Structure formats: C-alpha cells, structure tokens
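Both of the next two complexes hold subunit A, though its partner changes from subunit B to subunit C.
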Partner chain A sequence: MSEQRPFRRPQPADWWARPPYLAYTLRELTGVAVALYGAILLAGLICLWLGPDAYAAYRQALASPWSLAVHGLLLAAVVWHAVTWFEILPKTMPRIILGGKALPQPAMTAVTTAFAAVCSIALIAFVVWWGRP
Partner chain B sequence: MKPERSIAPLFWLLFGAGGMLAALFGPALVILTGIMAPQGWGLPADFADYRRALAFTQHPLGKLVLLGVIALFFWHGAERIFLTLKDMRAGNLTVLRLLTYGVAALLSAATLALLLLIGF
Partner chain C sequence: MSETPQAALAKTIELRVLRYCPSKDGEPSFGTFRVPYTDDMSVLQALQSVKAEQDGSLAFRWSCRMAVCGSCGMMINGTPKLACNTFLRELAPGPVTVEPLANFPIERDLVISVGEFVKKIESIHPYIIPKQPKRVEDGTYRQTPGQMAAYEPFSDCINCMLCYAACPQFGANPDFIGPAAMALLQRYNGDSRDGGQRQRLDQIHGENGVWSCTAVGECSEVCPKHVDPANAVNQNKSNSAFDFLLRFLRREDQP
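And then the complex of A and B:
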C-alpha cells in the first residue's frame, strides 16, 4: 500500500474575516438579521397571546431608542441582503434569451433590484393608506 | 443502483422562499413594524394597539402573513448560519444542524401553535 500525502493548502483559522472572503461573511451575516427580525415578530406574537398588559410592554419596548437603533441596523442589513440577493439571482437561474441574445446579468440585477424597491415602497404606501385615521 | 436521495433541496427551497420574501418586502416590513408604527411616524398612534393587532392576527390572511414571514425568515437565517458555520468548521455537523435547522423548526412550530392559540 502506498502512503499518500495529499497537499493541503494552509488556511488561517480566521480566513472568513479576511478579504476576499469577508464580503461573503458579511453577506451571510444578513441571515442573522433576517432571523432576528423574525424573532422580534415572534416575541410580539407571544405578548399578544399573553394579553393586553404584556402586549403594552412589548409596544413600549419597541418604542424605545434602543429598539429604534436595533431596527436601523436591521434595516441596513436587510437592504444589503436585498442588494446582494439580486446580484446572485442571475447566477442561480437559467439564462433569459431575448432576440437570440442572453440577457446580460447586470441588466437582470438592475431590473430585479428596482422591482424589489417598488415592492417595498408599494407595501409601505398600502399600509399607510390602510391605516389612515 | 438507486441514486441517494437528499433532503437538502427542501431546506434550499425554504431558504430561497425566505430570502426572496426578505429581499422584496423585508425593508418595508422593518420600516413599518420596527420604526413607523412604534415611533408613530406616518401611522396613527393606535395603528398597532392590542385591539387592532389582535384583529389582524385573528384574521386567516393575517395568520398566513405572520406564519409565512416569521417561519420563512427563520429558515432563511438558519440555512445561511448553518452553511457559514460549516465553512468555518465551527463544530460537529449534527450539532450545527440542530442549532440552526432544529431551532428554525422549533420556532416555526411555536409560531403555528401561537397563531392557533390566539384563535380566529
């Protein structure tokens, strides 16, 4: 039996904190923000189930400056998620052929990112209209 | 020989659905529920009070929205965190799966249970 010693390229333990991998790590970290936002909504659901007093405490916590700062960070992360999501999208889906030519990836990213912006703005407009006094 | 079946596509589907939902409506949701409603910016002060929040949650469509957003966001986050920790070689894969997919499954079930407990 021959002794095999395959070459293993040395890799520092903190490779994920160094460029170029840092960009991927930051993108993946937006997943933490998305899950955290889900947890904030779930906490609200728990308080709603517990009753009016618990729900009032939840609303008071959400109105605090701390909560505003956290949601500012969450918003930045979710926007970064959306931007990177549509950068990846053309690489993960089949090519779109228009007039015998493949639609260039940057064009697809631009169109889908603009579509996402319209979706978010439309949702805010709808809720403001719906919630008007 | 039968090809080996994997359940990875299922997690991938949940990750993709959550990611698309977060990309299309996530910024608006964070602005609405985290900034505008609590601070009273652009929305009436009673917009998210107990009565209105309960009415929304008791409506079947409201339940569907809440379950979809909360559960899919958890599965999206779980997939990203799992793959990143795996790449970092942060630990045993079964432990990592339990800490990510396991938690997402548990919290999704809790969300569904709460929505049913709150009633119609």
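And then the complex of A and C:
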C-alpha cells in the first residue's frame, strides 16, 4: 500500500544571488546607496554647524578624486534604485479605474518616472542657476 | 510539409526528472528518460509518453491539458511553469530538467502536498459576504463594468501554485499566506458587492499575513493567468497598516 512521507527540500541559501532573484537583490541593495548619500549630506550639515573651518574641510574632502569616484558610483546606484522603485510602484497601489477601465501599470510607471525626472532636472537647474557667479 | 511523420518523430529530447518514492527512497534523485518528440508536444505530453512507454510508476498531476485546471505546475529548467503550456521545441536540444514545484513538500515524484495551500484558501472567506442581506424578491446585486474591473484579474486564479514556488519568502516561511490566497482575498475585498473586509483582516495582518512579502515580484512574473498576485499582496500592506493605526478611532458597533 501507499506510504506518506513528504520530503521537504531545503531552500538554497544563495537564492538571492541567482537569477531571477538577483534583480530584486540589486534593487534592495541600491537602497543602501541612498542611505550612504544621506549620511554624506548629514556630515555636511554637521560640518556647517561646527563652523567655517570644518565646512571648508568638508568641501575639500568632497572635491578629492576618491570622493568624486564614490559619488559617481552612488549616483549610478541611486538612479538604478529610483528606476526600479517606480517599476514596482504600481504593484503597491490599488488598481486605478478610469472610465470603467483599469489604468495599465506601465502607464503608471511612465507617468511617475517622468514626474520624478522633471523634478530632478528642475532641482539641478535651480541649483546651477542659484550657484552661478 | 517536408517531413514525413517518421522523420518528425525521429527527434528525441532528454528529460531529467526528479524521482522520489516515499516507501523506497531516502531522498529524491534524478532519473533520465529520452523521449521522441514533435514540435507541437508539451512537457506534459513528454511525461505522459514516459509513463506509457518507459516507466509506469512515474507520478505527476494533470487534467485539462490546456492551462485551465492548474494541476500540472512543476519546475521546468528551474522555473515554475505549467507542463501543458511549455513546449519541448522551446527547450530543445535539452536536456530538460523537470522537478516538483519548489518550496512544497514532495509526496511522490512530481506530486507535492497541497493541503496547507487549500487551508489558506479556505481561511480567507472565499465568497461574497453581502453588505446588506437581500431577499430574492429585491432582485440581484448589480455592478458596473468599472466596479468589475477593480477586481476582475484577481478572479482569474487557477490555484496552480506557481506563484508559491517562485516566492522565496514562502520558501523561508511556509506559514506565509502567500500570493494566490491573497489574490483571492483581494478578489472578494475589491468587489463592490462585498462587505466582508473586516472578517478577512486577520489573514492580512502579521508575519504570516502580507508582512512576510518583501516585494520580490516573481509571483506575478510566473503567473500563467496574469493575475498579478504581487499587486494583491502589496496593496493589502496599506490596508493592514491603516487598520493598525486607526483601530483606536474606529467604532466597533458595525460588524
């Protein structure tokens, strides 16, 4: 007769490093870059509070080649985080019904990504205009 | 047609099938079969040909052969798929690895235990709980196409469990209610005729509710019916959070 003895296979410990889950792991890890960039800005604020000498040293540290390389990497990671964040945004929202039909998720991603891009470019333009000699 | 039937049948492909017989084997191991195939043959048909021609003891579930019943879900080359909906021509030259759905206990060969999944489906009150009881004389519950669009894809689930096999969080926590049960929950919660949202809150809350989900999103990628269970799970995170924050303000006199 039949015998029931279910076998449970263990989940691979490195599932997060394998496709298709690697994309998810990268999306979550780039969130660390957002935190690092926040910490750099916070350090600037603290230096500003400590006085002109500390702030000058902070600005000098930012201008070093090492700092520029780190900022290049952080920028790439933060852009990746933002793009993939807007990709999953529709998954976290209720379905939006317009005129009796559901709004397609790629449209939601496109509109929100475009809005974020316009805001970012406007902010950069404002800072460049504000900081002109 | 340039190929004669004999020439067409001359093509063969190798299947590596994970075998497990609970009365004989200590643990699962792969068995290899070589099957003749034609371009219109599915993985399910290859398994049926193995069972008919080579090894009658091979166990697997199937029924409709057309991606409607949800019985033949299995891991094909590591990805959860319906065997009836996956064609050998796309996997040629092979070998094709066939395993039971990941994250589930294996009963025998490609057959997994579904009992816990069925309990989860039962736990979410999978039926319409009317806001106001209505007598037959009062007529039907009406709904506009827009109100139907709010939940319609969630009603397309065929309980194939591919989403559970794709979910690493279900793999880590077998008590996680999981994608398909939450999609069915949202199918009723999102229905304009339904008033049972409060009764389904216990299934949403907590580590075994939606909060085991980390938005990996693979459940929606592997769904053969485009149900988008990731959307059902993640929008209920806000429902769970709102209920947590507003529970002291809410009047309890309405059930």
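Here are a few things to note about the model shown:
One rule holds in what follows: the second predicted complex is superposed on the first by the 124 of 133 C-alpha atoms of A that agree within 3 Å, B and C clash if a C-alpha of one lies under 4 Å from a C-alpha of the other, contacts with A are read in each partner's own complex, and residues count from 1 in each chain.
Note that a residue touches a chain if its C-beta (ideal position, glycine included) is under 8 Å from a C-beta of that chain, and two chains touch if they have at least 3 such contacts.
Being a predicted model, the structure only gives us computed values, none of them experimental.
Touch criterion met: A:16 reaches subunit B and subunit C at once. Using the contact criterion defined above for the overlaid structures, shared-chain residue A:101 touches subunit C, although it does not reach subunit B. Of the two partners subunit B and subunit C, more subunit A residues are in touch with B.
In the overlay built on the shared chain, the residue A:34 is in contact with subunit B alone; subunit C does not reach it.
Residue contacts after overlaying the shared chain place A:45 against subunit B, while subunit C stays out of touching range.
When the two complexes are overlaid on their common chain A, residue A:74 makes contact with subunit B while staying clear of subunit C. Counting contacts by the rule stated earlier, residues 16, 28 of subunit A appear in both its interface with subunit B and its interface with subunit C. Interface residues of subunit A facing subunit C in the complex, by the touch rule stated above, are 2-9, 11, 15-16, 20-21, 24, 28, 88, 90-95, 97, 99-102, 105. Interface residues of subunit B, counted against subunit A in their complex, comprise 18-20, 22-39, 42-44, 47-50, 53-54, 57, 66, 69-71, 73-74, 76-81, 83-84, 87-88, 104, 107, 110-111, 114-115, 117-118. Within the complex formed with subunit B, the residues of subunit A that make contact are 16, 25, 28-42, 44-46, 48-49, 52, 55-56, 59, 62-63, 67-68, 70-72, 74-75, 78-79, 81-82, 85-86, 115-116, 119-121, 123-124, 127-128, 131-133. Touching subunit A in their complex are the following residues of subunit C: 20, 22-23, 27-28, 102-103, 105-107, 113, 144-147, 149-151, 153, 168, 171-172, 190, 214-218, 220-221, 228, 230-231, 234-235, 237-238.
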